[in-house]
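Order of writing sets the labels: A, B, C, D and E. Residues in every chain begin at 1.
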Amino acid sequence: MNPAQVTFGAAVALALATAVAAIVVPRRVVVGAGTALTGAAGLAAGVAAVSGHSFSLVLPGLLPLSGVSFTLDALGGLFVAVTGGVAVAAGVYATSYGKASAVLPMFVLAMLLVPAAASVGTLLVCWELMALFSLLLVIGENRSRAEVTSAGRWYAVMTHLGFVSILCGLMVFAAHAPADSFAALREARLSPAVSATVFVLTLAGFASKAGIVPLHAWLPRAHPEAPSHVSALMSAAMVNLGVYGLVRVGFDLLGGGPRWWWLLVLALGALSAVHGILQAAMSTDLKRLLGQSTTENMGLVLVGVGAAGLFTASGNPVLAGLATAAALLHVVNHAAFKTLLFLAAGAVLHGTGTRDLDALGGLRRTMPVTTALFGVGALAASALPPGTAFVSEWLLLQALVHGLPPSGVDTAIALPVAVAAVALTAGLAVVTFVKAFGVGFLAKPRSEAAANAREVPYGMRAGMAIAALGCVVLALLPSLVLPAVAGGATTGLVTLRLTGVTGSLSPLLLTLWLVVAVVVVAAGVRGVVARRTRRDARLWDCGGGPMSARMEYTATSFAEPLQRVFDDVVQPELDVHVTHHEESRYLVRAVEFRRSVPDRVERRLYAPVLAATRAWGRAGRSLATGSVHRYLGYGFYTLCAALLLLAVTR
Amino acid sequence: MTILLLPLLVPLLGAAGYAVFGWRRATVWLGTASASVMLASSIAIAAGDLPRTASAGLVRVDALSAFMLLVIGAVGLLATAASPAHLRTEIAAGRASTRTAARHSLLVQLFLAAMTLAVTAADLGVLWVAIEATTIVTAFLVGQRRTRAAVEAAWKYVVICSAGIALALMGTIVLNHASVHSGHEAGLDLAGLAAAASGLDPAVTRIAVVLLLLGFGTKAGLAPLHAWLPDAHSQAPAPVSALMSGVLLSVAFYAILRVKVIADVALGTGFTRAVLVVMALASLAIAASLLLGIRDYKRMLAYSSIEHLGLVALGAAIGTPLALAAALLHVAGHGLAKGVLFLGSGRILQATGTSRIDGVRGLLASRPALAGSFGAGVLALIGLPPFSLFASELGIARAGFAAGMGWFTAAAFALVLVIAAALVTRTSRMLLGPPQEPATGSVPMTLVAGLAVCAALGVAIGPLSPLLHDAASLLVVTR
Amino acid sequence: MTALGLAGAVVQPVLIVAGAPVLVGVMRQVRARLEGRAGPGIRQPWRDLRKLFGKERIAPRGTSEVFRVAPLVLVATTLVITVVAPFVTVASVLNPVADLFVVVALLAVGAVALALAGLDTGTAFGGMGASREVTILALVEPTLLVAILALSARVGSTNLGDVVSSMVREPSRVISPVSLLAAVALVIATVAENGRIPVDNPSTHLELTMVHEAMVLEYAGPDLALVELASAMRLSVFLGLLANLFVPWGIATTATPAALLAGVLALVLKVGVLGAALAAAEVFLAKLRLFRVPELLAGSFLLSLLAVAASYFLA
Amino acid sequence: MLNLWRMIRRTGRVAEPAPPAPAEQLPAAGALGGSVQIRHVDAGSCNGCEIEIGAAFGPVYDAERYGARLVASPRHADALLVTGVVTRNMAEPLLRTFDAVPAPKVVVAVGDCARNCGAFAGAYGAVGAVRDVVPVDVEIAGCPPRPEAIVDGLRKLTGR
Amino acid sequence: MTETVYVQLLDLTCGALLLTAVLILWRRDLSVIVRVFALQGAALTALVAVLAAHERSGELWVIAAGVLALRAGLLPYLLRRTLAAAGEPQREARPLVNVAASLLAAAVLTFLAHAVSRPLVTLAPSPAAQAIPIAVTVVLIGFFVLVTRRHAVSQVVGFLLMDNGITALGLLTTTGVGLVVEVGVSLDVLLAVLVLQILAVRIRETFGDTDLDDLRELRD
């Protein structure tokens, strides 16, 4: 029997068993271990599928009127593997974190099923199950908090919006095909207008799941409010499925398309990347920051996907392969480091009770393991060598750079802008994660909570360590997963060489050389210094002092220069409120300063919609005034109109 | 005695039982027992050969009737199983006496009987009589509490429904006119009419169909004469609301489906499709407009019923086998989910004393099991898997786009989205947040059971599948 | 790994480590002379370093390993660049690292290490310097990468060796508008990245105007020596790259001692001239307000975009 | 721009020729090796000395040519240039500044106030001279001392 | 009975039907309205009787008796009782559409009824069928009364007007819908009116008035 089939079946069985067990024995260990095992089985299934063991399964009896069919191929396998990997870390973490919930393994299961779906109905049902379970998890643990309620509402509505969009898109597609299985859809011959409709509708839906601007508003609300292992699953695994959907529909089912599709994807990706990271750079809430960084990274992935589509449409399969490789590798990388970061943020929350960066600091002493692991994640996320994301961003830039010479005018404009957006994103990511790590973990504690932090239990540490291991492996030997994502776009184990274009990178050797250089420098310094011991000394406080934690730079002040630079873009809201003395208005009793950086896209785009909806609701009430005459009148006038119509038309 | 009459006679016997013995210890579970027998006999009927007739051709059960019988039986069982607890609480709270309880139980039995008669009637006239009978029977159930609101609701209910249903009577007579002059001997016999429909005069049939659709549409909660529904459903006692919303609307829609078969043969599929699409979209739009600003959770559920009947109407308008099967499945799923929700809302009302959404906070913390089932029910209503409404909505969408009605379907689903947003927002306000009181409450088994069945139907319908497809194929007209 | 690459890997780091402080000395001397002063002589930076290595090491209270390791990382990243990038020889001992993106990223790693060290001290100055440093870093990044795009798009590779040797092969490219625009953009980026006037003043004593200096206020003795050495090396690296990307003549393409010697001399000459020019230019400029720096960087970004456009439309 | 260039050319070198190096050198000068970073501490000065220090580092006297340089942080410094009488408020900061300087370190007391309290001797706000608070290696007399004297004092440290 | 007499009688009874409907719309005194409604029942009975005499159908005579008992006897009696229970203000105070406008509306409705019922007439032309538009008019006027009259009793009358119209329509289409259905329909109507009567009393008890436009507690 096919190994992918066996392991995938095992994953399904394990998830169901865990869910049942969690109801019978509501213990964290049971749920966590079960989820981790489910994830491991999923990982195995994904790896098997990627290495060529695909399988299909049709279950006509399930899902009335539609039937269910699954096919796990290489593309789906990749996403199954990523989801599985994230679930392993999150599951291990959950053995000592959060409440025991039967929904957790079901959520993982739904995410494993989505990439395996082989028909429109199956995809939609798995998609909705995934949304449902994640929604339950978001509101499950802290349901009495107002933020959670609000986040849950946003999430539920926006995810449903995305769902309806996907539903309509795929239904239009299926209506032009003999059946609704993916195999039948591939055969369908669509007119350009229809395929454009399908593409735009599904793009909207999948993009909203991936947190792409302007459909991202739910993400920085829901991801931070969920329990951290759930945040990790959502931010590292669930958002990927938006990318999966886009790739599946855009490339596999629709078979590519005209250039404007992909320019649109590219533009959305670039916009999301910059917007997301800009918001993250201004953010002072650790988990919200991570959520916004998810928007950024998915934006980068979409830049890759868009570039891949563009190159395909321009007849350049080599670069298309390269861009695809970059996008998919970034998906994998992002999954690894975002898992780690969210789990670590959860550890911070667990250890201190706060996730406000302005109140954190000094955790490196009280929570050394968490600090070290978060550092690994931050390095990975800031796309600096030898971090994880550097390799994928390098690939992305290579694809964009090489795409320039033989291209049309649209590409000649799009690609430099894309490079600039990626570059700006990379730079701002550095700011963001320097802030997150430097302000959150280094320096002195800024609050009582941070000062009294406690290192987290071993289960949580183990979960983080697994994710960190993933990050390190991906950073040093991306060639282990590159064949899976890139086909033949790159060769080489230690040194990646691009096929078809010049370019090579060796993350392992680079790291090795860096380490050697550090050792050499350290040895050199030891050789030349006169005194080796360090004298303990007060911090230089200009002779005054003592220097209190209040004098430290906070996350807000850290981001202030950047906020000034981009104030036309982000439009921060400043509110200075001066209370004067009663006697004289020249004497000031109190000054209150408030600053917030609201999401501008949200304010411009969502606020009018919300206002219009509210107005609609108010206007709607006049339909039901309570007057029985009015109610009967509806019928009477309709009857008269209908009769008149009947009399006139015959 | 043929088994076909059993679902009709059993509730009548139950009613007689309550009439004779009143509300006492022995009769508390009589209603539940009768509903169980109804369901059991419905299952037996559905499992047998169909169609079958009885009582000199006045009663006929085909696949569609059998399916509707199952829905009535299932939701009836759900509602009657929850009745004793409901009534006991009401009596304990002094809002009802044992006489009220007895009358309630009696009327509920008659209500069930009337609905059973409606779906088993072979004659359009009898069908009309049965549906009008449901209005009369439920009028006092709606006004049971005798508060100002209840009396007002009952008045509106009876007046609007009677006026609407009078239009259906007029339509029936016009159709009869056409039938008599078509040269066939069909009269108002549904099967006969459907067979002989091609001979009906189109001009007359058009008038008849419009009147019938408007008339039965009133009872089915479709626009434009939908306005009684939120009032009546919100004021009726919970088990009655469950029955009214869960099955009565569908029973009225059953009549529309019967008319549609005849009309499609006589006029081609375009005519009813146009009328039904307009009614469906209007209903959805009205439900959406009013749900956006809704302040009362029982009315919220009622408007959601308008929405779901609108979806069913859309399914019927699409008219392909898949769409009709989906519409029927939707009827079943909606019946169960809405039944559960109304029963749950009744419990919430009894627990909190208010039906205003603002008045209920943090229910999930104070009554986790009840709030959980209520929340799950709302999730079912907005069409999330694994509940069967997902499968049926998916089917309607698929059929709609495949039948070239993509724009209407897309518009409908856009409205469904707005409604889902409104439902989620309101429900989350009720369920989430800090608790108002310490946690209490037991697991409401009826609700859980109803939801479980709804979910099971969404996963696989197994043996129901042939019945559903037979029923759908009865309604499909190829012309 | 060619002989040429190996030769470069030995010669380049030695040359740059030894020469970087001298470059700083030269620049200071040029400034001093233009200001009418006598100047301490070009060997003064080396004197400073020698003294600093002999001084006491200090562990400011409350700082962690991040603070102690940062100078090492700063020097090490620059050292790796000096080994692999084409300064004296075209070939690289580790070709996959001699990539423009990698070099830019490595330089950023050093800056980030120092920024973290600044934050680690927990002082207001440290945080302020770190904040400003990474902000400027983020804003310079687009200029750098787009300028790289402009340079490498025609070559079809971002490998430094490839870019430089293509320039050597086709000298006509040197005076193309692409090169010119990209060069100006890169010069501005270099000035910003190295904390030179008008972006930052390396000899300021006023906290409010400090960027780079504010981060390193806590460093003393050998740590400070490393930081200063690294700054000098980064400046040399930037100037060296600038020189070789736009004026690659003289760089060794064969592994003969004569060619190597010529390469060394050419590099010393080019970097020396560039440094002197930069120092001279600084005399004429005032430091910009921090919040007007983005205007400068936006200008350089525009130039680099124009360079890309030129490389496409004028090619 | 051109104006400035013309001015630079016209002015030429303004630094006066270096006077002969002072005969005596501090023992620490060897360790410092011709490079002295200086942190200036105003312990309670009237700012007269500050003006002269500024002049000493200006183009005319150009103390920098001997390897002395003013720095922003005592961590970077080898020498403290203390001016003024040590006031009560500045005694503790002066000590802390001294502590912040990594060894080997030198203290230069500039001006009469720093040396012996000058006009402020016995004042209620003064703790005493600099040497009463921190060990002093070099004293530069004058009220205020001339820039030449300051440069001369600094050259004892740099050894150039 | 000759054909001419039959047609004249038919027209006369139908005319009476329409006239009574218009009178109900015209008058505001509720007790008069109830009386006029009883008259309409009688007119309907006469119509059935004419048809019965023409068709020589025993079944129709039975129906005529039933109509007489129900629509001229029982229903007006119930209405009077409701009126008595409803208490003092026995006038339709302010209809939502005033009387003049109502009468004009009735004219428009008549035209509409004629226009719409043309296919019914042409399907099987006969003297009885010629009167179908009148029945439809009565239905529409009944609906109109239902929509515009504020008193509970007026609304019941409106509903019954609709019902009378529908019954007339059924009879004029000369077909009958089967006895079971006829009886069922009549029983339903009777029960509906009974229910409405009880509810009207309850409205009076709980609201103290029978102005239906005051029933506005249930709204959104």
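Note that in this section contacts are C-beta pairs under 8 Å (C-beta built on N, C-alpha and C of every residue); 3 or more make two chains touch, one makes a residue touch a chain.
Just so it is clear, the model here is predicted, and its values are computed rather than measured.
Number of steps on the shortest path from chain C to chain E, with steps defined by chain touch: 2. Any chain touching chain A that also touches chain D appears here: C. Put simply, the chain farthest from chain A by mean CA position is E. In terms of their C-alpha centroids, the spacing between chain A and chain B amounts to 43 Å. Measuring from the averaged C-alpha position of chain D to that of chain E gives a distance of 116 Å.
Averaged C-alpha coordinates put the centre of chain B at 31 Å from the centre of chain E.
The set of chain B residues that touch two or more partner chains comprises 155-156, 159, 163, 203, 206-207, 230, 290, 293. The set of chain C residues that touch two or more partner chains comprises 54-58, 60, 217-218, 221.
Residue positions 116, 119, 143, 146, 155, 212, 215, 217-218, 220 of chain E are each in touch with at least two other chains.
By the definition of touch given earlier, these chain pairs are in contact: A-B, A-C, A-D, A-E, B-E, C-D.
Listed in rising order, the residues of chain A touching chain D in the complex are 535, 537-538, 540-545. Within the complex formed with chain E, the chain A residues making contact are 620-621, 623-629, 632-633, 635-636, 639-640, 643-644, 646-647, 650. Note for the complex: chain D touches chain C at residues 1, 4-5, 8, 11-15, 18, 31-35, 37, 59, 62, 64-67, 69-73, 75-76, 78, 101-104.
Across the interface of their complex, chain B is touched by residues 116-117, 119-120, 122-124, 139, 143, 146, 152, 155, 159, 162-163, 165-166, 169-170, 173, 175, 177-178, 180-181, 184-185, 187-188, 191-192, 195-196, 198-200, 202-203, 206-207, 212, 215, 217-218, 220 of chain E.
Chain B meets chain A in the complex at residues 155-156, 159-160, 163-164, 167, 203, 206-207, 210, 214, 218, 223-225, 227-228, 230, 286, 288-293, 322, 325-326, 329, 362, 364-365, 379, 382, 384-386, 388, 390-392, 394-395, 397-398, 400-402, 404, 406, 409-410, 413-414, 416-418, 420-422, 424-425, 428-429, 431-435, 457-462, 465, 468.
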